[in-house]
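What follows is one structure encoded as structure tokens, with my remarks underneath.
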Amino acid sequence: MVARLGFDQLGLPTGKRARLRRILYQQGLRNGTTLFLPYDQGLEHGPRDFFANETATDPRYIVRLAIEGGFNGIAIQIGLAEKFYWEYAGEVPLILKLNGKTDIPDDAAPLSPLNATVEEAVALGADAVGYTLYVGTPAQAADFEQFRVVRADAVRLGMPLIVWAYPRGAAITAKGGTDSFYAVDYAARAASELGADMIKVNFPRPQKRSGVRAEYDALFSDEEAIGAVVRSANRSLLLVSGGEKAGDEAMLSKARLTMEAGGTGLIFGRNVWQRSHLEAMRFVSALRAVLAEHPAPERSFGVDQAPAVTVPDSQFVPVD
Amino acid sequence: MVARLGFDQLGLPTGKRARLRRILYQQGLRNGTTLFLPYDQGLEHGPRDFFANETATDPRYIVRLAIEGGFNGIAIQIGLAEKFYWEYAGEVPLILKLNGKTDIPDDAAPLSPLNATVEEAVALGADAVGYTLYVGTPAQAADFEQFRVVRADAVRLGMPLIVWAYPRGAAITAKGGTDSFYAVDYAARAASELGADMIKVNFPRPQKRSGVRAEYDALFSDEEAIGAVVRSANRSLLLVSGGEKAGDEAMLSKARLTMEAGGTGLIFGRNVWQRSHLEAMRFVSALRAVLAEHPAPERSFGVDQAPAVTVPDSQFVPVD
Amino acid sequence: MVARLGFDQLGLPTGKRARLRRILYQQGLRNGTTLFLPYDQGLEHGPRDFFANETATDPRYIVRLAIEGGFNGIAIQIGLAEKFYWEYAGEVPLILKLNGKTDIPDDAAPLSPLNATVEEAVALGADAVGYTLYVGTPAQAADFEQFRVVRADAVRLGMPLIVWAYPRGAAITAKGGTDSFYAVDYAARAASELGADMIKVNFPRPQKRSGVRAEYDALFSDEEAIGAVVRSANRSLLLVSGGEKAGDEAMLSKARLTMEAGGTGLIFGRNVWQRSHLEAMRFVSALRAVLAEHPAPERSFGVDQAPAVTVPDSQFVPVD
Amino acid sequence: MVARLGFDQLGLPTGKRARLRRILYQQGLRNGTTLFLPYDQGLEHGPRDFFANETATDPRYIVRLAIEGGFNGIAIQIGLAEKFYWEYAGEVPLILKLNGKTDIPDDAAPLSPLNATVEEAVALGADAVGYTLYVGTPAQAADFEQFRVVRADAVRLGMPLIVWAYPRGAAITAKGGTDSFYAVDYAARAASELGADMIKVNFPRPQKRSGVRAEYDALFSDEEAIGAVVRSANRSLLLVSGGEKAGDEAMLSKARLTMEAGGTGLIFGRNVWQRSHLEAMRFVSALRAVLAEHPAPERSFGVDQAPAVTVPDSQFVPVD
Amino acid sequence: MVARLGFDQLGLPTGKRARLRRILYQQGLRNGTTLFLPYDQGLEHGPRDFFANETATDPRYIVRLAIEGGFNGIAIQIGLAEKFYWEYAGEVPLILKLNGKTDIPDDAAPLSPLNATVEEAVALGADAVGYTLYVGTPAQAADFEQFRVVRADAVRLGMPLIVWAYPRGAAITAKGGTDSFYAVDYAARAASELGADMIKVNFPRPQKRSGVRAEYDALFSDEEAIGAVVRSANRSLLLVSGGEKAGDEAMLSKARLTMEAGGTGLIFGRNVWQRSHLEAMRFVSALRAVLAEHPAPERSFGVDQAPAVTVPDSQFVPVD
């Protein structure tokens, strides 16, 4: 199991620390891990995602689910935040999802437009903001420009920034698809270099090798893949998403591998609310059990918590 | 019949409450329902819409029609608002339609440009603003960006925001058309997640199943469809539009189904002014009769008015 | 002959009134009609328009022509306004044409870019600004956005706004051409709904029926067509342009029909300056004779000057 | 020979007068003519332009050449201005070329992006700014928009604005090419209407008639062509550029025709620095000899200096 | 060997001098040469670049490598600068790379979007900023516009500006490729004219002659090519990059030729960190040995340090 950096070694400015500490150490398991509830699928996919459980159409139900399930935060769009969060404000951290789009038009050059700003997140009492970055999209210039402003605002206002790092677009499709080890690894790195505090990825599938870069067209285990992705993210904390509803054991297995590799947490939506309330609570309990085994230190007490893959200090000598 | 949320449960800030209360409870039937008169067809379709009744070419006639017909508001573009509303200012609420376009160029990737701002609506004494969101348009990134500014201005200035949630564009055409249950339901949800206070949709046609998403390719009644749309809109109040002039009984039937499903009101233009003045007044009386049967409570007096589709409170228990 | 609205019934704010009164009642015939001299063809078509009369190449000649001919204003681009209007500043009202383009590149999706601002018009002492709106252009979103800023600036600074409402672009070509009754009527209405104070159109040709909307594919006289266009413009005063140089009698006939239908005036350029000075003066005298027969009242002295096409007041009764 | 306007008849505001007077009457021949040295070919064409004379690679050499050759100004991009002009600041007027591009990508819809601003020109002590306007480019809307800001800044800061009026793009190619009489004449006029103080054109070639507008498809002499171009430019002073290096006598002939037609000066780069220093000086002397014969009056002492092509004052009589 | 300009002859304003002096004379060899370590390949190429040496995935390792290797600066993106530079702030100069992109989408019209601003570089204590300019890209208008703002901010804030001058895009591919003498020479000149303080190029390959401009389709030695590139850059200091990892001797040879031609330094990334720590240190030592032989004077003590390719002062005489 990988050693984790102390929370005080992440290079975060004061406001980001205050808000992220609230999420990581004053909410949920309070052990430095996270379980987030995303609820923007009504925009991203449409209400069809609620057909499996009509109750989930109601944002009020979802907010209460996040509270009762001990989630570390709920990620919603501004419209729902304005109309539904006031009732439970402060009971569960709000992650304002800043951009989003429908899945109706063609997706060859996707760009997720801004629907809200970091300042609006501050005004609503949010503890983090979310941004979907379509890594590899032909529209990447516009995407990066848009992200830059969000990142700068987040720095200015001390707001933790969670990046949905999603490989997308025609070139990704041609080069192995959205969840290859290559694509996910690149997405995590790009988000890290661009300034994410947390990075949400799909679990990488190293067996998807057709079309990927030569370096990734080799035999990698799931453990190796998720481990590399965590290292690519570095001091940007890694979250793995559930994606479409799948078998519970498969989900829990991904969760375990992620946490063992040094990941910080999980962000599961449809796998939670596309079932009855009681089943949802049972599944959440299982996820929490995984997280409970992987605490991250809040303080490093002076210990040098550099990542494991370094050269021994003794080898660092000035050149002549 | 569906229980309605109290006006005080909608999560509205003060200025929006003041203006929306004026529309819902101090105008027209004063019972929390609405009947709006839209009059931007001269821009959207051209003067051909006035050929059925030349008198309707004259905006002055329309404003007086709205006043005498007891409408809750009239929706017009800035040019007409500037030149015609001064004479009757305050006699009927003004809904300034902020964007709009002609139907002349190709409509595969529609975008309705801004012709006015929320600040100009304030300056003209408007009680609400209207925005056409083309849900599913290939130009959705530009549309959402434009909408974001309008929404933020509306929040800042306390101005209620009514979204014309219209599925449009090549992908919508390919996926079942503009008035399928799938398209209308998605449009209502998207507008809700993006921050509409009221949402105008066309009445969904569940029988249009060719090309829609699998979840919608099933047998749904009109009641089920409009009920789902109202739930997708949630605390964004739902309006149904009349669209092209059609048979009165068909129109009244849609109106009844909408109100029974929990909708807030109607927005009928061509069906009203594409006929003689006396016939228009008769039809308006019939619409008002429907609305009169579906009042919405102005205050909930502490009663928890959560939507019906929730899990019993007793089932909400913290996970272990 | 159609009754005209009083100048005080147009819904104009103070600054626009002051400047427009100067144009309509303190210049030229001083009777509420207008004769404008447009001189931006050097940009729009190139110097070839001056080959018929080389003297017209010289902007100084044109300014003097406008003064001596008793025109109500001269419409020029900023470059000529800066270099030539100072000499005669105040002798004839300046209409600063704010946008314009060459006719060299392909015109399938035309957009006329801004070359000057309303503030610059104020600085130059202009009494109005001009804007070319290409109604129906595939670039309409950009056109409307650009226009919105001009309109808002014009309102803010009390500057009358004259819209060159020109149907243009591939869709217009496909739907009957730029001067069909359908196209001109739509253009007038669009400009009116978007906020024009005056609207310049080409004289509609109702006999052009191929490709137009069904409502317009019928037998209309010239009188009916121009009458409908004036009504579509409503309180935005209608001007008819001369277009390419044509026979004098045909021009005068259009002028008469326009004024009889309730139009406010004429804007003739090439028909004036593409001939010798003496011939130009003779033609101008003939145009002025037409205008002299159609004065518009400066004040309505309390008389209700509502347009003719209304329902009798007695029929406006509240619905039950 | 054509009579010239006095410098005080150009309609220039104070700051532009001060700077332009420095260029025209306090530099070089001090007689109201100009000889400019353009040196942005390293960007526009690449260093290949320096292969004929490697010394010309060095901007320091060029600045000294401009000083010693008695040029009225040197036109360079901001990078060279920042690194090389400080050493000789004030010894020769600086014309900061504000936009520019490489000739590498396809040129069907050219646009020359801004590389510096008028404010930066002021900060560097420039006496004029240069802007390349691609008249007829399919990108004209963007070009004009960009130019508008430059023009407005130049007015605000009293900075003379020299426009490189270059017909370019696919439509120009299809309509007779970049140096036809038609194209050059149109370019001069467009720049004049848009607000240039000086206009740089290539010498028109009236014999290029294939594809041009009908009016230009006739027999014109070089004298007639350049004369028309000067008139199209009007109070915007006309400069003729040398273009690619050509025979000296041909160059001098163009210079003579330009000055005889009323042009203000020459802007010669490659024809000067693509040869040895001594040869360059000899050629410059010959050019200066031409300019010396065509002085323009600094003051008109009350004389009406209107252009020649006017109607006698006696003919300007008010219409009845 | 070429004489070098003194540091005080570069035309730099105060703030740029202070920061650049720190890089050139107070860091590394302190002799006016530079060895930079670029580390944005994780974004530009993805984590695959780290497969040769997994340790290099860790930004903390790289920062320490730069310090221990005596580099003059490390070039990283904002995300890594924020999370990793705080620990070693001030120990090695930070070059904040302001733009960057992934290599996933098609590269026919590349544009490297801004990910950070010069102000953010100031806030992080950077001593220089880096910008990738894709010389020849069909997107050059957008690239130049974006660069202009960066350059202006860098001037305003006294921040040295290093341009990655990379020929790229479909036209470059068609005209001889990205590393031809033609392309590299043009790129250096363009960056210089646009305002770079330092220019990073790939070593030119004069043998690549197919498709290049005629002037470059001749026999040039490597010495001639790099010499011309240094002259094209002029007072913008030239850096040569290592590019993909290649044989050490080939790399060292390029380094020597560059320095002998008057270049200022080297910027080597993959050739350094795609090997073990000890091997990296050995290679760095060899590079430093080359640089040590080519010091550049910090002060010129009044000596005229004009470039060599000038005309003797005696030949500069005023024309008659």
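All chains are identified by letter, namely A, B, C, D and E, in their written order; residue positions are counted from 1 within each chain.
What we mean here is this: contacts are C-beta pairs under 8 Å (C-beta built on N, C-alpha and C of every residue); 3 or more make two chains touch, one makes a residue touch a chain.
Keep in mind that what you see is a predicted model, and the values were worked out from it rather than measured.
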{"item": "Chains touching both subunit C and subunit D, listed by label", "value": "none"}
{"item": "Interface residue overlap between copies subunit B and subunit C, same or different (over half shared)", "value": "different"}
{"item": "Subunit A and subunit E, separation of their C-alpha mean positions in angstrom", "value": "36"}
{"item": "Mean-CA-position distance for subunit E and subunit B (Å)", "value": "58"}
{"item": "Sequence positions of subunit C contacting 2 or more other chains", "value": "142"}
{"item": "Pairwise touch network: line, ring, star, complete, or other", "value": "ring"}
{"item": "Cyclic ordering of chains (reference subunit A, direction subunit E)", "value": "A, E, D, C, B"}
{"item": "Residues on subunit E engaged by subunit A in the complex (per definition of touch)", "value": "40, 42-43, 46-48, 51, 54-55, 57-61, 64-65, 67-70, 76-80, 82-84, 86-87, 100-102, 104-106, 111-117, 120, 142, 277-278, 281, 284-285, 288"}
{"item": "Subunit C residues within the subunit B interface of the complex", "value": "10-11, 135-138, 140-145, 147-148, 151-152, 155, 167, 169-172, 175, 182, 185-186, 189-196, 213-216, 228, 231-232, 234-236, 306-307, 309-311, 315-320"}
